[in-house]
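Heads up, the next two complexes both have chain A, just with different partners, chain B and then chain C.
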Partner chain A sequence: MGTYGSSQPEIPLTDGTEPDQIPLLQIRELHTQFETKQGTVRAVDGLSLDLYEGEVLGLVGESGCGKTMTALSIMRLLPGNGQAVAGEINFEGKNLLQCSAEEMKQIRGGRIAMIFQEPMTALTPTMTIGRQISEAMEIHLRLSRQEARERALELLEHVGIPSPRERFDNYIHQFSGGMRQRVMIAIAFSCQPRLLLADEPTTALDVTVQAQILDLIKELAQESGMTALFITHDMGIVAGSCDRVAVMYAGRMVENGPVDDVLLNPRHPYTQGLLGSVPSLESEPGDRLYSISGLPPDLVSLPPGCKFWPRCPLADDRCREEEPVLEQYGESRAACWKVMPLRES
Partner chain B sequence: MDDQPLLSVQDLVKHFRMPRRNLLRPPDVVRAVDGVSFDISRGKTLGLVGESGCGKTTTGRTILQLMRATSGSVQFGGTDLCQLSDKELRNFRNGMQIIFQDPYASLDPRMTIGKAIAEPLMIHEISKTRDEARERVQELMERVGLNPYFINRYPHEFSGGQRQRIGIARALAVDPDFVVLDEPVSSLDVSIQAQILNLLQDLQDEMELTYLFIAHDLRVVRHISDRIAVMYLGLIVEQAPGLEIYDEPLHPYTQALLSAVPWTDPRLARKHQRIILEGEVSSAVNPPSGCRFHPRCPIAEERCQHESPALREIQPGHWVACHLA
Partner chain C sequence: MLAPTVIIVMLITFTLGYYGPIDPVRAVLGEEWEDETRYAEVKKALGLDRPFMIQFLDYMGTMFGGNWGQSLAAFGGTASDRAVSEGRGAGYSGTSTSVREMVLGRLVISAQLSLWALVFLTVFAILLGVLAAVKQNTTIDYAIVTSSIVASSIPAYVIGPVLLIIFVLKIPVFKTVGGWDGMFSRQAILPAIVLATGPMLVIVRQTRAGIVEVLGKDFVRTARAKGLPERLVVARHMLRTAMIPVLTSMGLVTSGLLTGSLFVEQIFNIPGIGKLAIQTLMSGDHPVFMGVVLFQALIIVTVNLLTDLLYGGLDPRVTYD
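What follows is the complex of A and B.
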């Protein structure tokens, strides 16, 4: 039987304003590039981002804007021809970009865990799911095989896998999409990471399962005081699950701030476009959606000036020549020459 | 509904017989669609929603006779398509088209998009000559927001949103009355989703198209539909005018679905009481007895396990299948 009620917290984890502390994760001027026949793909192009202890930060933008490559740069798991060529990623006093392969192995799955959009690509099809969870704990937490098994069973139960003892020796193809994602979450949480990177963890799932998974991640994060970077293209998920939000376009940040401030008073025309593209409860049937025209730019040959100008309804000569930098507006920051005046509240 | 519906589906059933796994037992039957009825008036949109595997695609494809129904009828402009032979059906093919979720899979990678859009024109002998077809293709491309300059390019040279425009142009080439849209924007970015939704609405107005819009994003469905039907395990459990179902969902399953919608207003997101459905959809091979939703229903009673609730008209035009509604 289902139950009424909600595990959603009434109050967000933090109030969304930047606390006066040293960030847990600090990305400075990150440039991640791919050398291809067409030229250099600037997947991440000067991104700076702070993540504070205990908060959930949403990273949003259209596909191809560099969200996944940001996460993979942090994990140092970029695909073959990709490289973080400049910048710093500071975590617990270390610049991850300078860590040795050996150090990174310890950090991955230990202090920093990642949940991927397609769990099948991240799980081993030939190993039972029980082994996959317990093996990580044997390595990172130095548990004995028996201890790891017990803990893995607890975790499976905790993430909502029914009859975990029977499912322990199953293979991943025996699970549904939602169950696979639960297994991924069990693995991610198994070594009590301080930082969780979740890359579109629910994009492939039904809304009902999506709600279950988001609540589960939030609950586990709150229990353990973990910090999370939540990558999504859906502003609705940001609204329901994040404290702060950072909007990315063409490999850079164009706006960030507390969720309420950014979603209710978006300053950047791109953020306004992303929000307007999603039908709301206020829209009447038959209304036209506010849509962003055109496509994201080719990352091999970015336009001069503001990268958004070819699609921006407000663009003028200055936009086409000079690139705007992030400026503070109230509690948020936006990079646009023509930030809208604040809506009266 | 005020006027004669263009499409009227009655008690539609589609079962799939699975290969026999055990010779001592009868073969498994997947009851993908198990008695579905609805009408769609000309120029209107019915939104069909429900979790993965509940039978939405099967419903759409069976209506178009892309697969034959196990039983039931599909009246299209007064003719029961289920009774027609394959040959007789050919005359109706132009009138009905389908647009898929994955535009890439539905386009031949070795065919230029000009040829792909022209194909239905030539097959159905709508354009008599090549030049005529070419002219019509250019017109269609412009209409769906593609630059006719790209007529000789191949599908892989286009983005997802552009490929969906190609799919739309191809479907509209034969000037249909009725279009099944099966998750037409699910694989697209929100920004591109909005462009395509606007396009579909404009085309509907101009061409008086009738849509069956299949989707699982209830924000999108609310935006585009006149009526909405909610499916669960092969059955429609609630059907009502669009806004009414959002304002006053009467079936516990609809209530749960709506409570999980990620609206973009953070105040709404926090205020919303989520109804978390436990477990997953039951199997369509052995659907639960009584009300098929009872194993997950938060308010199920004893009789829900034995008696299956009939669809009842609770308010004018608002149908619900629940003992307690």
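What follows is the complex of A and C.
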């Protein structure tokens, strides 16, 4: 675990910057691939990421850039024939990629919990919501069925479900989307995990409900001092909820740093593009919303050089041939030959 | 739904019986049937000289009145003696010629046999189906599916005698070959297994397909993300959803078992309703045969209704207004 720490540049411990400590979760050169008839899909391609105790890291990028696959690689719940073929995911002194199936069962739900995107389909339709919350506690906290029931009732109340006693024996079809996500959150927090992976927890919800759910997750995470990885494509969520942000493109990291720094001074043209796609208060009615031209690359046949060059307005010959690596620029790091000049503040 | 279905079934069975090849008068008279005056006498006594509609209404009255009429044995005659002696058979005590008592007495035996077959099916077929699905596209999966195909493709009249040869003659596990000695006697085991092999494939396949379909669902991933052992993921989160199509087949299979145990009852000499149907058809005991047919139709209707009610037990989204 400590092998990488020594070569890391010294960064002062300030709010939002990387603290000088051993990360809780350390992803090193993760490669996650799927074998398809068209060829090998490189869903995650050499991603390295550190997550420090108590911080909330936002993982952003377009659909299909590997955010969800990163989280599922951590949980070792990749669908189909997906496999983390190389790299390390270190958590609490263990490389998760080498843990036995038994060890992973202890970690899943107990040490690392995950909140899924689709509250409509992510909960079992034929089981009462109460049992869905209490069953994990019976396993990880070794509670009796009755104790787990009591805890589940407390949790339901805590996540803001009115009259939990009546709701305990309800089924998921009797709940609205926001309520379902609250149940999902209760499940995730039930065994007091150290790390929370939230995969677009609010994407499928109404805008008004989104804010409530985000506040709830933040509040619960702060109460328990939990570390969280927030997967999202919504820069608003990153600005409002995260300490640090990591931007992914084509399965790799292109920029990361403290939220304020990255949002105000994006170094990578892709981050610039993402931020430019957010409507702002200054825009006039009728203004066209900026969008990054082109589509994300085909993960089966990635272009040589920088993976973003086909869509990049600044690309030159070097970008087309040589792949940039992450370099430190101020408080943040970016992988680009054409790093944006810092904005005057 | 129930009442019109039953009346339509009654009309169809009655019409078939009325125009069908069985002549109840001949069955009663036996050799004497060529005597025209005797023939007319018996025909009048049985009420068969009346018009179709009157006979049908009379028949409905008898059925809804609850005693379902009398076996031809009540009218005496040579053929009817045969009907009585065979119609009751072993395991049925009593000398009643009431159709109701004959059918119900036999039905109890068939129901017990079918219940065993259902138990075998639910335990083995569903277990094998789940196993095949979880071990999808492995040797275990292929072995389970192939052996169920084999088991279900061999007809009962082949499996039955083969099992009898093996387990009675070669390895004498069972001493007696046939007959019925109550639900918990050893004699019930072999026929129940033979009865269960027929629908085996359907249940194995349905269970496998049901589980495979939910395997990739988001809620299964959520269950795994909780760190549940795979056994609980299957039992708690997958099985109930996967069982909904299986229940449909189970309903059809149950009707089939209750009404279609003809071969098995014949092979193992079990005096169930299937055997009664064959015997009365052969002997020409028209009222009893009609009773059997009508009762089997009733069973199918009832089992269908029960299946619909059971959906609510499996799927909480199903409600009944």
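Note that the second predicted complex is superposed on the first by the 329 of 345 C-alpha atoms of A that agree within 3 Å, B and C clash if a C-alpha of one lies under 4 Å from a C-alpha of the other, contacts with A are read in each partner's own complex, and residues count from 1 in each chain.
Heads up, the rule we're going with is that contacts are C-beta pairs under 8 Å (C-beta built on N, C-alpha and C of every residue); 3 or more make two chains touch, one makes a residue touch a chain.
Treat the numbers as computed from the prediction; the structure is a model and nothing was measured.
Legend: residue contacts after superposition of the two complexes on their common chain; A:P79 is shown touching chain C, with no touch to chain B. Residue contacts after overlaying the shared chain place A:G240 against chain B, while chain C stays out of touching range.
After overlaying the two complexes on the shared chain, residue contacts for A:E135 are found with chain C alone; chain B is out of touch. In the overlay built on the shared chain, the residue A:M114 is in contact with chain C alone; chain B does not reach it. Using the contact criterion defined above for the overlaid structures, shared-chain residue A:P279 touches chain B, although it does not reach chain C. In the superposition on chain A, contact is made by A:Y290 with chain B only, not with chain C. When the shared chain is aligned, chain C comes close enough to touch A:M127, but chain B does not. Touch counts on chain A: comparing chain C and chain B, the chain ahead is B. Overlaid on A, the two complexes show chain B and chain C touching no common residue of chain A. The touching residues of chain A, counted against chain B in their complex, run 1-8, 10, 12, 62-63, 162, 176-179, 206-212, 215, 233-240, 259-260, 263-264, 273-281, 283, 285-293, 295.
The part of chain C that touches chain A in the complex is made up of residues 216-219, 221-229, 232, 236-237, 240-241, 314-317. Interface residues of chain A, counted against chain C in their complex, comprise 75, 77, 79-80, 104-110, 113-114, 116, 118, 121-127, 131, 135-136, 139-140, 171, 173, 184, 187.
Residue ranges on chain B touching chain A, taken from their complex, read 51-52, 159, 161, 189-195, 197-198, 201, 216-220, 222-226, 242-243, 246, 256-257, 259-270, 272-280, 295-298, 300.
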